[in-house]
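In what comes next, subunit A is part of two complexes: it sits with subunit B in the first one and with subunit C in the second one.
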Partner chain A sequence: MDQLGYYLATLVVYFFIYNILVWGLNMQFGVAGILDFTYITFFAIGAYTAGVLTAGPASATNQHYILGLSWPFLVAMVVAALVAAVAGLALGGVALRRLRSDYLAIVMVSVGTIVFDLIANNPNLFNGNDGLGGVPSPFNDILQLDPNTYLYFFVAFSGVIMVGLGLLSHRLTSSPLGRAMRAMREDLEVAEAFGKNSVRIRLIAMMIGCAYAAIGGALLIAFISAISPSGWLPPETFVIFAALLIGGRANTLGSVLGALLIPVIFVEATRFLPKSPSNPELGAALRNVAIGALIIASLWFRPQGLLPERRWRWKGPLPARGGQGIPDA
Partner chain B sequence: MPDNILEIDRVTHAFGGLKAVDGCTFSVKRGSITALIGPNGAGKTTLVNLVAGALKCRIGSIVFDGAVISGRPSFQIGQRGLIRTFQISRELGNLTVLENLLVVVPHQRGEGLLNTIFRPAIGRNETRINVAKALGVLDTFRLYGHRDEYAKNLSGGQKRLLELARAVMAEPKLLLLDEPMASINPALVAQIAVRFQALRDAGITLLMVEHNLSAVDEVCDDVVVMAEGRALARGRLAELRLNEAVVRAYLGGVHANRPAG
Partner chain C sequence: MLAIGFGLVTASVLAIAAVGLTLQVGVTNLVNFAFADFLTLGAYLAWSMNVGWHLNFWLAAALASLGVGVVAVAANILVIRPFLRRRTPLVFLLIVTIGLSLILGNLNLAIWGSGYRSFDLPNQQPFHVGPMQFTSDQFLIIGISIAAMLGIRLLLSRTRLGKAMRSMSDSVELARASGIDTDRVTHVVWMLSGTLAGLAGVVLALNLTTFDTGLGANILFVIFAAMILGGVGSPSGAILAAVVLGLATEVSAVVVNSAYKNDIAFLALVAVLLIRPQGIVRMAGKN
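Our next item is the complex of A and B:
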């Protein structure tokens, strides 16, 4: 396979993974209005969980990590999603119950930082700062493909998962449950006054979003067979936010466009640009500056995003007018 | 069934040192249209917020339809069928007018997570039934033609109407209306008054904070006057006009049959 094909196929996998991540955040922030400023933490929880579940025992390597159960990937991915959902439930169960959105955001950032320090500085949990490596490629023990062919298999595999999650996301957001979530986003107090249990409904959104983040993380660690704390620094959350804001909140296709534009074309594709030898960190720093500027520009000039939320319309039959005889205002 | 749908007993609520509601006691008869009137700062809206659970009622007790609701979270009060409107319209702006009605329908099975994922037909069927009802309600409140408009784009008066339509859609037992007639044109006030009477005839009790005394005179069976956080007097408006304390506290120089303010 030529180099360009390999490069593009890699970008496609990144695109699929980011797409899943943006959909998850869309459920939390775009639809339900939860300012989850530590979204990337749930991605990491998913990646590490899937990693230690699919990897063999740590004693066979020179790393230190818990578990090492050699589970099949699909089982590990589902467990990773559940673990992240429970983590989201725990955090949301405390924070969503009592806190206004601005304080909630602060709590989220703090918790994310704590989890990050815990994982990075505890070498026995997930091999600390060195990161977890040598995670096996899903299904390749059966398939025995060469790396190039396996890449295309992984494109198809992650694509299937992405499409499935996309359909699920659409089903959720276009349902009465999705409407109740949007009501939470618009005015929590009003929704509550009409008998909506905001904690229950927002926790559902929180847990689904966390599960999506974890599935994205599981796919990533399976794809590159490693993850380290430098791969999910807290600012990464804002890359996903940028994708969501620029693509369009509460629009499933807007999330796709945002995932394609921001993390894939803007961040991942530019990682392969030649680095300045005197200052190798310059590229990453400039990217963060540019993402901040993009968020501001997007909110200023097109706050609804490139593909705005689609208006729900009743397309079924219209019943006969009620006969009140009052003309429309 | 108890005769009174709502019993407010010695309810007190202070903001800092200011007692907005101070030992307020009165009841609302089932099937009545009761007005709550009083000067600005009498504590009417605070009381509404306490009854609806938007403010936590810590002192005194509130019994709704035989159950103590004081201290309960507002969504539980809403689920019991006590529905309130807001003094300043609070439409769900980025939902359409029709969706503002659909979302408030109580006890929707389509809002369950498992039903949504595995049995989406439940939500679809519910929606079809609710849409038919909602369109009828919108028709009544002159919003039918605006059903697909974002609620944020409505005019101020239309938002007031949406507030009422939404409350009706929520299938309330008791409607708590905070100045429902404010910023609605006089011709429409009369029609809404008729609408309120129809709601009462359908078995819904209404308690409304209102300054439009001619409207109060027209539709309300019972009037409670609040002043300085307490219920000062109650009766029909005509009787209250003869009550010296009420006149001093609120009615002042306002003549009969003219809207206040």
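Our next item is the complex of A and C:
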């Protein structure tokens, strides 16, 4: 029974982290319509930044990484979010300024490939392909809990952060800023004609999303105390896209439903697929085939997602044809 | 000088792929993120026929390329065309091609596994052309590429089909209004694009001598860079851009760590998108 509890508590932490990740992508794609095809890169930036800030000096281990400052986790998490937001600003500043969405997507995919190669091939940055390990568990130097009790503590801790970010995301989506983002997603030129600075507002959406991705990454590395390039391969971005599309874009609870259905229930269930000794990648490959099919099927059968965006509707009598007070021509 | 020789071989591979992509994007106006998986599929189909069934390598290469062409047509008919008919917005179409890429790429991985493969070929003789040195395969790659490019050139300039493609690349509505069977031409374009992708995958694998399922994905953005640098929809621009990028990446590998040589292509891509998004070769009527 205790083992089941342990397993479920671990799943709950993953669910919380994925909620944060889907909300971040929702801000970028669901609300602002930015095709961030390299979202997982910002997750990785957050995880690595938090990792090297909270870990002790590399010389005390047999790994190679920069910094190693032994900072407290919360400070490291905030810095990780800021670093990712600045990275998003740099990328968005180049790509969002004047590119059509297909060229933007190409730039995103290219940047993702390059950052991945840079981190994987550079053993001195974040220990290269071997990955960063031995990251301390937050607060446990003070709490001194045994692993089981600590797990339940981490459920509560990540839950608090998750709820806070969820409320913030909900408020932002329905704020005037969020409305401006949604207007731009529907028609950039109309929104600009109403005096909205499209570059600035889309950059804000980009930065918020990147910060959410980084906080998710920071929580993950704090939880499992390690991350390696194989943990954030490019297809992982599309697991989060699948969650967002299936749950419902621009709907806070839609993101939660998507995070529960795709990365938690679906990916977790496929973990129990039979393993083939001749092809160790078979399970992961078939899982990603199914994710691709789910993305296409959901866009075909239910493009608005399971919980669609709530559209503002005019409650009063309909205005006369041709607009108020303006006679038909 | 060796680097320039390698650069010409890389350029030849890149030219086949970039022309295949730019034709399809030019005519259908949709960037296809599954293109990398077409390359990988081509290399593995050829490998299975060459190593598994002991077919002659060049016959295997031809059959594999055509096989990828058929897969590309099927992908268009089964997935992309229905969404286009429904007038799905561009951002969602791009995600659909990503879904297609996840399916195709991971089917490649599921079928052939993650190990390294190489073709069953006789030993190579080094070849000297002036100060440059090639293996006989690399020499053949350059020859195949030139032949394929001349073929495309003739197709586009001398045949009714080629003219129909060019007119669709300018405006699908006008092409349809003037009686062109745009559906048929679209099928041909996907067939051609898939076949060129498959061929590019085979010669890329041949040039690298060993390959795995990351084959296409590793150079996808270099192909994108060549397409954009050359101007989307312009095969001659794509060829020119492939030569520029092929030489630039290989020559830069002499100076920087060769793990980062493709990043030169990325810098070129970003520079072009910011300074001259229409590409180096300007097409009349395309912006």
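Note that the second predicted complex is superposed on the first by the 305 of 329 C-alpha atoms of A that agree within 3 Å, B and C clash if a C-alpha of one lies under 4 Å from a C-alpha of the other, contacts with A are read in each partner's own complex, and residues count from 1 in each chain.
Keep in mind that, in the parts below, a residue touches a chain if its C-beta (ideal position, glycine included) is under 8 Å from a C-beta of that chain, and two chains touch if they have at least 3 such contacts.
Remember, it's a predicted structure, so these values are computed and weren't measured experimentally.
Once the two complexes are overlaid on the shared chain, A:Gly33 sits against subunit C while remaining clear of subunit B. Of the two partner chains placed by the overlay, neither subunit B nor subunit C lies in contact with A:Leu96. Touch criterion not met for A:Leu165: it reaches neither subunit B nor subunit C.
In the overlay built on the shared chain, the residue A:Leu282 is in contact with subunit C alone; subunit B does not reach it. Judged by the touch definition given at the top, the superposed model places A:Leu245 against subunit C, while subunit B stays out of reach. In the superposition on chain A, contact of A:Leu299 is made with subunit C only, not with subunit B.
Every residue of subunit A that touches subunit B in the complex is listed here, in rising order: 168, 171-172, 175-180, 182-183, 185-187, 189-198, 201, 204, 309, 311-314, 316, 318-319, 321-322, 324, 326-329. Taken in their complex, subunit C has these residues touching subunit A: 30-31, 33, 79, 82-83, 88, 90-92, 94-96, 98-103, 105-107, 109-110, 113-114, 217-218, 220-221, 224-225, 228, 257, 259-260, 263, 266, 269-270, 273-274, 277.
Every residue of subunit A that touches subunit C in the complex is listed here, in rising order: 33, 35, 37, 94-95, 98-99, 101-103, 105-107, 109-111, 113-114, 117-118, 121, 234-235, 238, 241, 245, 278-282, 284-289, 291-293, 295-296, 299-300, 303. Subunit B contributes residues 52-54, 73-76, 78-79, 83-84, 86, 90, 92-96, 98-99, 102-104, 106, 108, 110-113, 116-117, 120, 123, 126-128, 131-132, 135-136, 139-140, 142-148, 150, 157-158, 161, 166, 170, 191 to its touches with subunit A in the complex.
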